[in-house]
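Take a look at the structures below.
In the two complexes below, chain A is the common chain; its partner is chain B in one and chain C in the other.
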Partner chain A sequence: MSPVLSLERASLRYGDILGLSPTTFELPDGGGITGLLGPNGAGKSTLIQLLSGLLPPSGGEVLVFGQAPFRNPAVLSRIGFVPEGDRFPAGLRADRWLKMMGELSGLSEPALSESIARAIATVGMEAHASKPFARMSKGMRQKIRLAQALLHEPQLLILDEPFNGVDPASRLELMALLRDLAAQGRRILVSSHILGEVAMLTDRILLLFRGRLLAEGSVPEIRELLDRHPVELRVGTEDAQAVASWAVAQEELVGLRMEEGATVLAVRNPRTFLPRLQTAMLSGRLPLRSLEPLDLNLDAVFRFLTKDNA
Partner chain B sequence: MPIYAPSLPPRPTMNEGLAPALVLARFDFRRLRHQKIGMFFGFAYAASLGFMAIWVYVRFLLKTNSALNGLDALANQVLVQGPAFQASLVTLGGWLTTLLWFQVAFVGGGVIARDTLYRIRPLIYAHPVRPRDYLAAKGLFAAGLPFLIQLPFILIPWGMSMLIAGVHGPVWATAPLRLIPAALLVSLLMGSITLGASSLASTPRAGFGWVLGIVLGLSALSTIAEHSLSQPALGAINPLALSAAWPDLLCGTPGPELGWIPALIGTAFHVVFWTFIAARRTQPSEAIL
Partner chain C sequence: MEESRMNRAPSPLRTICALTRGYLPRVTQARGWVLAALALAPVGLAFAIHFTTSIIHHTEGVSPRLALDLFHGVLVRLMLPVMALVAAPAGIREDLEQRTLPLMLTRPASAWVLPFGKGVLWFGWGALWLLVSSFGLLLLGAEPQEAAFMALAVISAFWAMLAFMSLLGLQFKRGTLWGAIFLFIWDPLVRVMPGNLQRITFLHYIESIAGSRGAAVSKAQFLAQEQISTPWWIAALALFAFGALCWALCGRKLHATPIGLAGAEAEG
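What follows is the complex of A and B.
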């Protein structure tokens, strides 16, 4: 089965700045969601710009549906793109905007009206489509943006940070919608800088950091990789000695330091360590006052992985 | 029981609609029609047009009504029907040109800047739309709007004059042949400056400032250069002078402020230079930054 898209040592430079190091991967044909994960500035948007035909690669090759996407109408008409950002002219009405976008995709009446109605129904916005964007919530605007990408029934959907700033309820709705679309046979590429968000959505992750593709695999594989990163936890307690004595007996512990009224533990595999800490606390062995992760953010994890892979 | 792979719905028929440049330009025109500022300018132009129609009719009455014979001689002195009168149909003594410049700054200043502000260009370029389609669309709007506004100011007085007095009316029978090219050149000038200025701005309000800054700044510069170097041809730097010069030149008004060659060179320079700026600033590589 030929891949939907493939990169062969594709790179992109903005003048002297390297936006994307030579990167190689491919996405198989057929339905499914792939997460593009990385902290801000990792190169996710750069990669998406290459795939959606906005820029040509500075080196290597980018193929979408077997052809180079840059300024290629044959490829672009098969891609649905939702770029990052959520700003619309205040008075603009969603249905008028969808009509223009549909026409830019090459649709004309009567297929255009049918496509707009179908896309609006798919994202569940029938009651709100004639409203101006200014009177919509962020989640509603994001659904309209998704409807725009669906107008021409694309086989590949590319979404750049679609959940940014969206409230939890709308986020879940959008995720369910994307899963439905993938089940219909669409290949979806979603970028995000939040692992939990991507993990709820997808079976396959590409991990980017500072313009490099660090890892590629399933969510458990990536989680395992991330678990190797020692996480620092500040345990607030009346009896720091007792916490320290308990902690040194745990195999996940890789470092320990004492602070006033707290013990700072560096542990690997927090997912196995934390339940044990909880059990010890509930049994009354550890007098815990607070628990605070110090560097449990993706940026720290990526920095660790970069060192690990160097 | 066989398991079938999921299949996508059939794709709709595509590539049968309008060209992308026309789709984008039409969208901009329709947006303007729905905006308050569009309604304001619509009212201002309608009022001006009404005034002009009355003026033409009064000129006709003065010539034909015997009761007004006494006034006719005076009118012939005050409202001559020579080339200057014909040229004034698209300038209204400078009022229409000033209003047009104000409008292209106010409305046209946002034509590209709005897309920059709302990051619409990356989305447009992710469709089968080439940068030259985008530029053509914006150019069509920026130049088409002042042209469409000037057109009734030429055709309605001319039509009225022809209807009530034939070839002996106050408006020359050949006036549209002179005034439509003049309106086209003025619109090209206004459109290209608007495009360039708007592409330099990141918000519509800044685009308004850029257009006014360019037009008034060049006007001041040309005045200084003209007087310090005693070269009237340097007035061709000034877009205001160029837009006032074309109707006069094409109608053959005696003693125009700018000659044919300075007007041609000045207009060509502005059109090429500002279109080049706009083309550079609307490339996909600029759109994503």
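What follows is the complex of A and C.
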């Protein structure tokens, strides 16, 4: 089966700055969601711009449906793209804008009206589509941007940080919608800097950091990789000595320091360590007042990965 | 999914029609009415003043010089360049700044059509009000044939100026500033330079079509510059061709330049 998209040592430079190191991977044909995970500045948007045909690679080769996507109508007519950010044309109504975008995608009446109605219904915006963008909530605008990407029934849907700034309810709706679209046979590529978001959506993850593709795998595989990163936990207690004595007996412990009224533990595999800590606390052996993770952000995890696990 | 449907890109004409229809509401918003006011204000104001004074002083008829002075002194030298500077940023430059351009560039429609498709709507709107303004000159004493040439001059000049400003807006970050410098500094400066340099001003072509103010210039205003003349139809063609060339260069620039999500030209 030929891949939907493939990168062969594709790279992109912004002047002297390397936006994406030579990267090679491919996505197989058929439906499914692939998550593009990485902290801010990892190169996710750069990669997405290469795939959606906005930018040509500085080196290597990018192929989507077997052709270079940059300014290529044959490829662009098969891609739906939802860029990052709350961008919308000022002074226009959503339905009129959708009609224009449909026409720019090569649709004409009567298929155009049908496509618009279907796309609006798919994102659940029937009641609001005739509003101007300026009078819509951020979540509504995001749904309209998704609708414009669906108008021409693309085989590949590319979404750049689609959940940024969207309220939790709308986020869940969007996730359900993306899963439905994937089930209909569309290949979907979603970028995010939040592992939890991607994990709720996808069966496959590409891990990017500082312009490099670090890892490619399933969510459990990536989770396992991330679990090897020691997480720092500040345990607030009146008896720091007791907590330290208990902690040194745990195999996950890789570091320990004492602070006033707290013990800071560096542990691997927090998912196995934390239930044990909870049991010890409930049994009365450890007098815990508070538990606070210190560096659970993705940046820390990625820094760890690039040091010795990439 | 049918293969034919997937690979169908809209023709350039359909792309232009789609953009014009899609952005039509924009011309009836604030910027559009400012554009209309710029075209109508001099004639409207002059007409109001003339009407008031004719009632107060019980006079009839208007001096033919009023329409001529208004056309050359206000409409051509001030309002027309300002109109181009107001309309051009609402074209493709607006999508660049609002960062909505990537949404259009990832469509199968040809990228080179987009600047013209967005610009032609603003040209049409501006030209409509310039036509109305030229009709107003008739009421202020211009001869019908004279007014027709004035309309041709301002509309063809607006076409060329708008295209030129759009090109500068795509080419430079401060395109409007460079445009203003060209229109308000270069054009008057040429009057003290060798005569042939007049050919690289909009003013020369406008005056070639609508007639110059030679008869109205006093001795004190004479400069040591020979008046260069171009037949009116060549002048009109030159303005049209220059405008078309600028639109084509805008299209080429957009087609060839990688423009990323940040809305700016990517260096990759």
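The rule we apply is simple: the second predicted complex is superposed on the first by the 304 of 310 C-alpha atoms of A that agree within 3 Å, B and C clash if a C-alpha of one lies under 4 Å from a C-alpha of the other, contacts with A are read in each partner's own complex, and residues count from 1 in each chain.
The rule is simple: a contact is a pair of C-beta atoms (placed from the backbone, for glycine too) under 8 Å apart; a residue touches a chain by one contact, two chains touch by 3 or more.
This is a predicted model, so every value here is computed, not measured.
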>> With the two structures overlaid on chain A, would chain B and chain C clash, or do they fit side by side?
In response: clash
> After superposition on the shared chain, which partner residues are touched by A:E114: those of chain B (first), chain C (second), both, or neither?
Replying inline: first
> Does the superposition put A:G19 against chain B (first), chain C (second), both, or neither?
Replying inline: second
>> For A:G124 in the superposed arrangement: first (chain B), second (chain C), both or neither?
In response: neither
> Who does A:G66 touch here: chain B (first), chain C (second), both, or neither?
Replying inline: neither
> Looking at the overlay, does A:P275 come into contact with chain B only (first), chain C only (second), both, or neither?
Replying inline: neither
>> Output check: A:G31 vs chain B and chain C. Expected answer is one of first, second, both, neither. What do you get?
In response: first
>> For A:P287 in the superposed arrangement: first (chain B), second (chain C), both or neither?
In response: neither
> Taking the superposition as given, does A:S58 touch the first partner, chain B, the second, chain C, both, or neither?
Replying inline: second
> Where does A:G106 make contact in the superposed view: on chain B (first), on chain C (second), on both, or on neither?
Replying inline: both
> For chain A, what residues appear in both contact lists, the one with chain B and the one with chain C?
Replying inline: 45, 49, 52-55, 71, 73, 76-77, 79, 81, 83-85, 87-89, 91-92, 96, 100-101, 103-106, 108, 148, 152-153, 155
> For the complex, which residues does chain A have touching chain C?
Replying inline: 12-15, 19, 45, 48-49, 52-58, 70-71, 73-74, 76-79, 81, 83-85, 87-93, 96-97, 99-101, 103-106, 108, 145, 148, 152-153, 155, 160
>> With touch defined as at the start, can you tell me which chain A residues reach chain B in the complex?
In response: 30-31, 45, 49, 52-55, 71, 73, 76-77, 79, 81, 83-85, 87-89, 91-92, 96, 100-101, 103-108, 111-112, 114-115, 148, 152-153, 155, 183-186
> Inside the complex, what are the residues of chain C that reach chain A?
Replying inline: 1, 5-10, 14-15, 17-19, 21-23, 25-26, 29, 94-95, 98-100, 102-111, 255, 258-261, 266-268
> If you look only at chain B, which of its residues touch chain A in the complex?
Replying inline: 5-18, 20, 23-24, 27, 30-31, 34-35, 114, 117-119, 122-130, 284-285, 287-288
